[in-house]
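Before anything else, here is the set of structures, which you'll find just below.
Each of the two complexes below includes chain A, the first together with chain B, the second together with chain C.
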Partner chain A sequence: MMDAASQILFGGLFQGSLYAMMAVGLALIWTTIGVFNFSHGVMMMLGAYIAWQLNAWSIPYFIVLPLAMIIMAGAGWLLQASVVRPMIGRPNIVLVVVITTLAAASLIENGALEIWGPRSKQLPTLIAGNTEIFGIGVSLHQIAIIVITPIILLALWLFLNRTRLGLALRAVAQNEDASLLVGLNVTALYGLAFAIAAALAALAGIFMGGYRFMSPVMGADPLLKALIVVVFGGLSNISGPIFAAYLIGFFEAICSYYFGLYWTPALLFAVLILMLMVRPEGLFGSRARGLA
Partner chain B sequence: MDWKREAALVLVAFAVLAFLPFVVPDSYSRHVLIMAFIYAVVASNWDLSLGYGGVFNFGHLALFGIGVYAYGLITKFAGIDPWLALVLSGAASTFAAIVVTIPILRLKGIYIILVTFGFAQLVMQIILSQSDYTGGTQGMVRIQTLYIPGVNLIRDGKFGYFYVALAILLTSTIFLRVLVRSKTGASIVALRDNEEYAISRGISLVRQRVITLAASAFFTGIAGAFYAAYQRNASVDVFGMSLATIILSMVLLGGTSTIYGAIAASFVLTIFAEFMADFGAWRPIITALLIIAVMLVYPAGLAGVWTHISNLVRAKSKKP
Partner chain C sequence: MTPLLEIENLTAGYGRIDVLHDLTMAIGKYGNVGLFGPNGHGKTTLLRAISGLVRARGGSIKFNGTDIANQSARSIVGLGLIHSSQGNRLFPDLTIGECLALGAYTPRARAEEEVNRERTLKIFPKLGERWRQKVRTLSGGERQMVSIGTALMSSPRMLILDEPTLGLAPKIKEELCRAVLDISAGGIPLVVVEQDVEFLLELSQHLYLINHGQVAAEIKPGETMDHSDIMALYFGQ
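Right after this comes the complex of A and B.
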């Protein structure tokens, strides 16, 4: 019994942290710019590969981590400037950005395939070694993910709620025209949102690369997970998806413990559909932004 | 355009297409054309839900995939006649479309994208997990082909398959154009353009949305079944992002809400992709770059490129 509880607790915290890391960037872009970034998954892949490359150049890992995030922030800004910003103001922007970010995803994925080849790679773990907690064996890498994620999320929350720049980002999210009127540099803020999102995606990719094999197509599954998380949590603010990520992490941990891994995706999807029929705006969403 | 003129133009265009096998005798070129026809059916049906209906159904390729697997499973395990299986696969896709419509009835825009995208992934997961029947990641092989007694469809450079594919495209195109020109089609567009007003004039959102998705699914499923019968194998690649991106770019590059635009773009992109076959791994990269470039420069898609070129030509010819 103790064993079951600790398995579920650990599994839930671990998956929840990963999902939160994957989804938070996607939610940030949606809440600020109102578009969906379908290259978010490949940004995770690219971040992991850049970290792998830096590591292969024998740069110490504690420098690799921030360096990869900074490089990816630049990549995110570039992505925004090339395929998102030119579309702003078009009537069908949501759809057009879906196709351009999908195309960008295909571009990045095949580019990575060209540069690094199809063979699977693995990143070093954040902290090497294993330990035993409450009778179950866990790796220190997973513990590190569980500890680091809430710190990063808290930092992001403080940034968005306590700093002028963060408040400016949220102002753009709420009312773009008014933000322009009070003199905010809206284009720069759009770039910033994408840069932060890409850096967070890189971190998610590095987390993943440390405990399973990396390949150029590794971004597809986390993108889907991130989508499910943001639908669940609602897109009206950044904390909804974070709560939803942990909720889904625990849901999956419980499901796979009692019903097996095989049924978990189907059960999760059934719950998702039910939730959408009852609360289309998401579990923690408000009706303020509407469903458009 | 008045419907008689449109019908005449469609017939002329298809007559030209029907004449093509006599111009391109080699089997490979015909294969490219057959694939273009299949993609054209899928893309033009997507235009019905996406362009006319304004419903961002990202599970459209899953409907195609359901057609592929339905045909494979029906012919393999039920031993039903392939032609009947073709129609049944269309029905299976239609049924799946109705099921996926239920959760999205109250949703709009991006939320529909998310749910339908999730639906596609779920279908793929189910197919992967039922590997006893579907072959899982290995896919299905040796799927029953279509046949006409006394005629070998694959012989003479795929002569038979060419006309079956063309017939499916023709039927699908007529069905779609008749539908969008009908009162039902007008009400679907009305719901897209002004939902509140349309509802207040007595159009049922629920009914029209189910009709839109179900109608867009039938020929998509048939195209999937034909694809399975023609390729003789099925794999979950049809659920992948790359195929969805290509087909979606056909719809958007062709310009939405025309049906014909999606068909034309399917021809252009499929044939263009063949010309780039030498580029190997660079092909998807070049395609992606082109899609982005066209979306950046011509918001109206390839139709915009066409207007641009014809304007240039006109301007040049005016100059002495």
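Right after this comes the complex of A and C.
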């Protein structure tokens, strides 16, 4: 019994942290710009590969982490400038950006395949070694993910709610015209949203690369997960998806313990569909769009 | 007095349709300016073209001698030409305090944030009482106050108000009219779009009637105009 509880608790916290990290960038972009970034998954992949490359150049890993995130922030900015900004203000922007970001995703994925090849790679763990908590063996890498994620999310929350720049980002999310009329640089804020989202995606990719094999297509599955989390949690702010991520993490942990891994996705989708029938705006959502 | 804002032969619109045709006006020559006219004839488009939200397709807009036609909204705000849009189009999930902080976002306004906040709260004491309340929970009149207050935080050299009393109950409308007169008395030149011509006449002696995207009539100081003349302008003789 003790064993089951700790399995579920640990599994839920671990998966929830991962999902939160995968989804928060997607939610950030949706709430500020109102588009879905279908390149979000390949940004995780690219972040992981850049970290792998930096590590291969024998740069110390504690420098690799921030460096990879900074490089990816630049990549996010570029992505925004190349395939999103030119579409802003056009009709059907949501659909158009789905296509352009999907196209960008395909380009980046194949570019990574070209550069790094199809062979699976693995990143070093954040912290090496294993330990035993409440009778179950866990890796310190997973513990690190469980601890780091809430810190990063808290930092993001503080940035959005306690700084002038964060306030500007939240304002753009709510009303673009009014933001222009108080003199905000809306284009730069859009770029910033993509940069932050890409840096967070990179971190999610690095988390993944430390406990499973990396390949150029590793982003597809987490993109789908991030979409589920964001839709489940509600599209109106970024705290909703974060709560939803942990909820889904625990749901999966419970399902895979009692029904097996095989049934978990089906059960998750069943619950998702039921929930959306009752609350189409998402579990924690309201109808309006806004940050934090 | 030279006009602070000069618009010459302005053409602007959306998509394939021009809303403003060859519009010319001089604002600030005789103090405040009031704009009125039927809905859907280009008043809001004119304001949006002035503040850089709509591209000018032809003509020029000069503020304080600088050509601002097709400059970015941000640089126009930087020059001190501030446009307070209708209050229902504000930031619904920000608090009043956050909205006012946003008003002081440009470096020029940030330097005067303290003074501007004091001035704004003196004109709208209600905003101070509800400092931490979100805009979505406010009444229409209070939202309008936040909107104008946010504009005041931007250190305006000229302030554009788009229908500040639209859809308000008479009592709140009176309160807002008084506040707008206070702002004007404080020395900020105003451009006000308003359906209530009586209020406009109280505020300014220089009015323009906008009809079909053009200046249909200009009323200068000294030229009086009674109700029937205005009716004639709206509905024809």
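Convention: the second predicted complex is superposed on the first by the 288 of 292 C-alpha atoms of A that agree within 3 Å, B and C clash if a C-alpha of one lies under 4 Å from a C-alpha of the other, contacts with A are read in each partner's own complex, and residues count from 1 in each chain.
Here is the rule we use: a contact is a pair of C-beta atoms (placed from the backbone, for glycine too) under 8 Å apart; a residue touches a chain by one contact, two chains touch by 3 or more.
These figures come from a predicted structure and were not determined experimentally.
Looking at the shared chain after the overlay, A:I136 reaches neither chain B nor chain C. Judged by the touch definition given at the top, the superposed model places A:G183 against chain C, while chain B stays out of reach.
Within the superposed three-chain model, A:N110 lies in touch with chain B and out of touch with chain C [touch as defined at top]. Between chain B and chain C, B touches the greater number of residues of chain A. Once chain A of one complex is fitted onto chain A of the other, the partner contacts of A:V271 are absent, as it touches neither chain B nor chain C. In the superposition on chain A, A:N175 contacts chain C only, with no contact to chain B.
Applying the stated contact rule after C-alpha superposition, one finds that A:R164 touches chain C and leaves chain B untouched. The interface of chain A with chain B overlaps its interface with chain C at residues 290.
Of all residues in chain B, those touching chain A in their complex are 50, 56, 102-104, 106-111, 113-115, 117-119, 121-122, 125-126, 129, 241-242, 244-245, 248-249, 252, 281-282, 284-285, 287-289, 291-292, 295-296, 299.
Per the touch definition, chain A reaches chain B in the complex via residues 30, 36, 82-83, 86-87, 90, 94-96, 98-100, 102-107, 110-111, 113-114, 220, 224, 227-228, 230-231, 235, 262, 265-266, 269, 272-273, 276-277, 280, 290-292. Chain A contributes residues 164, 167-168, 170-171, 174-175, 177-185, 237, 288, 290 to its touches with chain C in the complex. Chain C contributes residues 51-53, 73-74, 77-78, 82-85, 89-94, 98, 101-103, 105-106, 109, 136, 150-151, 154 to its touches with chain A in the complex.
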